[in-house]
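Chain naming follows the written order as A, B, C, D, E and F, and within any one chain the residues start at number 1.
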C-alpha cells in the first residue's frame, strides 16, 4: 500500500485521499433539516422532514420510521437524463439508492426512542461527479440530526440524542487499473474494475457494504485494502460532520 | 395609485416594489446554461441543455425547438409534497407551468435561426415562496442565452443573437384586499382575490397574460393598474438579466 | 376597428361576429345537468354530477367543491388522437383546460351556500373546430345551473340562486394577419399570432384571461381591442345561456 | 315459447321484441365513418378512422387491420364512473369489450382485400342502458361501411364490397326470472340469471357467442331458446343497418 | 361425427379425445390451496388464498367474494413475452381471462354460505401449449375446494360443502380445417377457424360459453357438435378433479 | 467458530451447513435454458432466453448483453403479495434483485465472445423461504450455460466456453443472535442482525458482496467469519451446479 500512495490521480489526489468536503447546514428554510453536501464536484441537497405520526402499517407499534428518497436533477450529469416523473416510473438505480440511504440512517436510529414519528429524507443531486449515493448518506445524517433537534425543541420527541445510537457516513472505494483507491469521481468510477460503497458508524462498524465487480472479480486481499481505505475515509467524513454540527 | 403606494406590505415593500433579485450564472458545471435565480426567498435552478437535432415530429422542417420542464423539490414548500415520480404521474399544475415557460421562451426565439437543434429548459424549484413560475421564466431566459452562446462558440449555430428576437421576463401581480400589488410572495399570493402572471418582452409587448380570479372577478380598470405594475416589474427584471449577462 | 369590420372571414362572418350558438339542455337522461353546446362546428357535451358530500381534504369545512374534467373523443379532430386512457396518462393540454373550466365555475359559485356538496363537470368534445375550451365553460355553466336546481328540488341545498353569484361564459379572441377577431374556428386559431381566451361574468368583470403570443407578442393597444371583442361575444353568449335556461 | 310471448316487460315490450333502433349516419364531420346508434335509451357514437398503412408488426404482410376501442363517458351511467385516463389504466371490462368489437368486425372483413390499410373503430357510449357492447358492434359495422366507401372513393382501396364478406350485428339475450328474453335494458340485465351476447352475420352464422351465467347456470335447452331470440333480433338489426345505408 | 372420429391429429389423438390430464395438489406449501394442473404440455399453477374479511365495497353485505388473476410467466411461450409488470400495465387478454376464471368459480360458489370472506385465485402459466384459460378454470376449482376445506378446519366458515353448489371445469373446442375437435393444443388453436371455451358444471349446465370466429363464422349445426365435444371433455375433466380430491 | 458449530438450528442444520440443494434442468420445454432450483423450501424457476441481436443502445458495439428479471408469484409467501403488474409498477426490492442477478452473470460472461446477442434471464419464485435472490443467481448460471450451449449448437455463437470466463453462485450468510450462520431460511433471515449476500466465482473471488446491518452494525471480525461461511457455501453450490451440468 505504501508504494501505491505515490500514485497521483488525475485530480492530483493520493490514492487514500478524500475529495474536499463541504457541508452547509440550513441551506433552505422550510425543512426541519436542510444540508448541502459537496464532495469535490458532487453536490447533493439533503432535506429531512419531520412528521408527527407514522404510516398506517406502522400504527400502534410504538415505533417511528425513517425513510429516504434519492433523485437526480435532469442536468446533474453531462448528458441530460429524462425525468422519472415524465417517464412515469422510477428506475431501478434510483430505487436501489433510496433504499440504501434509508437503511443506513435506520441503522443508527432507535425507532423506539423516536416514537410514532416519521422522518423523510430527500436527497436531490444538483451536480453529479461520482459518489452521489455515499455523499447522500453523509449529508443526510447531518440533516437528520438537525431535524431531530428541531423535534426535541418542539417537544415532539423527548431527546434527539436518545434516538441517535451512533453517527453514520459512507464513502466509495474501488480498484482502478489494479490499484485500490478512495472516493472515486465519475471518470474513475466508470473505469473501475471493482466498485464498493461502504457505510460505517462512528465506532467503526459496518452498516452497509456493497461491492460489485461486474468487470473483474476481486480477491479477499483486495477487499481488505478497500476496507482500510473506506475506514480512513469515513473517519474523515465523520470529522467533517462533527465540525458542521458544532457550528451554529 | 399614488395613495396605494403608501401602503406598506408585510415584508416592508411598497406595492410597486419587486423583491430583491439575484441571478447567478454558471451555477452548475455540466449544463450549457445554468442559472440560479432568487426572487426574495424563492429560489429556482434553471438549466438549458443544447442538443443538436430535433425530435422526430420536427425533422426536416429546418426549424428548431425550445421546450421546458418545471418541477418542485419535495421540500421546497412548508409541507412536503410527494414526488411526481413516486406518484407515477405529473400533476396538472406542473404541466401548466412547464407549458407556460416553454411558450414564453419560444416567443422570443426564432426557430429558423436556431436550425434543427433543440434546447431543453429545466426549472427546478429549490425553495418556493410565491412567483416560482415567473422566476422560472426570468431565470430560464438567462440560461437560454448562455446555451445559445455556447452553441455559437461550438459552431452548432451561426449566431446566438439571430435566434433571440428579444428578451423576456415574467412577474406576478395581484389584488390583495382590494389593492393591486407587484410580485407576490406566498402569503400574499394565497390571499389574493385576483392573481395575474405577465410575461413581457424587452420592447414592452406581451407574450403571456394569465389572470385568474377564482375568488373575486376583476374589472377592466383593475386590469389596467395590474398591467402598469407588471410593466414596471418586468423592466426591472430585464435590467437584472442584462446585468447578469454583462458579467463574465 | 371600423375599417376592420368590413373584413369578411372564410366563413363569411364579420370580425366581431360569433359563430351560431346552440344550447340543448337535457341532452342525456342520467346526469343532474346535461347540455350539448354547439358553437359553429364545435360540439361539446357538458354534464354536471351532483354528489352529496365532499372529498376528504374538504371535510368539515362547511364548504362545497366544484371541479371539472375536459376530454376530446379520439375522432373529434381531423386526425385521430390516441386516447389518454390508452396512453396511460393525461396530457398537459387536457390538464390545463380542465383546471381552467373548474376555476371559471368556482368563480361564480359560493362554496358556503353550496354546503358540503360536490359538483363534477365533465366536458367531452364530440367535434372540435376551435374554441372547445371556451364552449366548455359556456355550456358547463348551464349544466351547473340545472344540477343546482335539481339539488334544490331534492333538498340537498337550500337555494340554487344563493350558490350562483353571477353567470359566466367564455370566448376566444385573437389577432389574425394583424386583425383582431372574435371566436376563432380551428383554421383561424392555428394561424393566429395571438390567441386569448376570456371568461367573463354577467356583470362584465373578468374571471379568466389567458393570452398567449407564441408567434408574435401583442401590444397593450391590441389587448384593448381584443378585450372589447371578448366583451361583445360574452354578452351574446350569456344571452344564449339565458334563453336556453328560460325554456323548459 | 308461445306462452312466454304473452309476458309483458317493464317497458311494455314482448319477450322477443327489440327496443326501437335508430341509426344516424354522418353524425360528426371529421371521421371517415361516423354513426350514432340508439337502442332504446342506449346511445353510442361509433366512428371509423381510415389510415393508409398498418402498424409495424403488420408491415409487408399485404394484409390490413381493423381494430376497436370502446369507452364510456363518465356520466353515461346513473352513477358517475371515474375516467380511465384519470385512473391511468384501462379496466378489464373496457378491454374485454374493445376486443370483442374488433373481432366481430374482423370476422366480416377480408384483410387481403383491405390491403395494407388500417381502420380504427371508436365506440363511445354517451348514454348507457344495457346492451352497449352489442349496440357498438351494430353501429360500428355501419361506420365501417362508410369508411370503406370513403376509402374506395379516395382510391385507397379497390373495392369496399370486396373487403366486406358479410354484414354483422349483435344483440343481447338473457334469462330473467326463468324467462328467456331479447335485448335487455340495464334493469333486466342486472337481474339476469344468464346473459348472452350474440354477434351474427347476415347469412345467419355466428361470429361471437358470449354467454355468462354467474348467477345460475343454463341448460342446453335454454341455450337453444336464447339463440332463437338472438337470431330474430339480429335479423331485425341488420334490416335497420341496410335501411340506414340505403339513405344518402 | 362418426367419420370424423377416424381423423388422427398431429399428436395422435382422436378428435374427441382430451390430452392427458394430471392434477397435483399441495404443489407449494404456503397457499390454502395449491394445485399444478397439466393438460398435455400446458402447465398452470393455481393457488387459492383465503382471507377473512371482504373488500370495502362488499362490507356488511353478509356475502363473500371470489376473484381470480391470471398471468403467464415470460418464457411460458416459444417467444419470450415481456412482463406486464415491466410494461406497467395489464393487457386486454390477461384481463379477459382473469375475469373469465373469476366468473366460472363464482358460478359454483354460494356467496352467502361463504360469509364475509374472500378467496383469491392465482393462475400462473408455467408452460403454455393452448388451453391455458380452460386449464386454469379446471385447476382453480380444485385449489378452491382445498382452500374451503382449510377454512372449514380453521373455523372461518361453517361448511365447505355448503359453499360449493356444484363443481366446474372448462375445455376448449374448435373447428380445424372444417372438423370440430376437442381440447386444442397451440398449433391447432392458432389455425382454428372457430374457437370456443366452454365451462360446465358437474350437472351438465353451462357457466361460460365463449365462441369466437374471427376466421370463419360457424353455423348452428357446428355449434351443436362443438357443445357435444365440450360436454364429453368436461365430464372427463371432472372425473380427474374428483380423483385428485379423493387422494390425501 | 468451532464452538459455534455445535449450535443446532431450528431445522437441525449446523451453522455452516447449506440447506439441501436440488437443480433440475430442462424444467420447461420452450426456453433455451430452463432450471428449477430448490434450496430447502425455496424454489425458483430460472429460464434463459437467447435472442440474436442486441437492444438499440448496444448496436454496432460488437458486444453482447446479459440481463435478468426477478419476480415473486403472489402466493410464494405466507401472506399473498399483490402482483406488480396489477399495481402498475415494479417495487424497489424487485428492481434491486433483478439488477444484482444481472451483474453477477455479466461478471462471468465475456461480452465480446458473446457477440451481438442477448440473453435474458427470468427468475420467478414459486415458493419463498429465504435466500430467493441467491438461489436465483445459482440457478440462473445453470440456465445460462444451457442457453449458451444451445446457441453454440445452433451456430449463433462460436463457443459457449469462451463466453463463460468462470462459474458463479451466491449464498446468504448472517448473524443470528450473535452467531454467524450460512444459508438463512426466512425465519432466520427476518431475525438476523446482519444479512449478507455473497456471489463468488469458481476461482474463489467476489463478484457481489451486499451486507446490510439495519438492526445491528457488524465488526470487521464478524465480516471475516461471514466471508468464510460464504466461501464454504459457494464451493458446495458450485459442486451442485457442476453435477447438474454433467447429467444429460
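Please note the rule applied: contacts are C-beta pairs under 8 Å (C-beta built on N, C-alpha and C of every residue); 3 or more make two chains touch, one makes a residue touch a chain.
Here's who's who by UniProt: A, B, C, D, E, F = Ribonuclease PH.
Predicted model only: the values in this text are computed from it and were never measured.
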Count the smallest number of chain-to-chain hops linking chain A with chain F, moving only between touching chains.
1
Based on CA centres, what chain would you say lies at the far end from chain F?
C
From the C-alpha centre of chain B to that of chain E, how far is it in Å?
60
Using the average of all C-alpha atoms in each chain as its centre, how far is it in Å between chain C and chain D?
33
Multi-chain touching residues of chain B, meaning two or more other chains, are 88-90
If every chain is a node and each touching pair gets an edge, what shape is that graph: line, ring, star, complete or other?
ring
Circling from chain A by way of chain F, one passes the chains A, F, E, D, C, B
Residue ranges of chain A touching chain F (in the complex, touch as defined):
89-93, 95-96, 98-99, 103, 106-107, 166, 196, 200-201, 203-215, 217-220, 223, 227
Help me check something: in the complex, which residues belonging to chain F touch chain E?
28-31, 34, 41, 43, 45, 47, 49, 51, 69, 71, 73-78, 80, 83-86, 88-90, 94, 120, 122, 124, 126-128
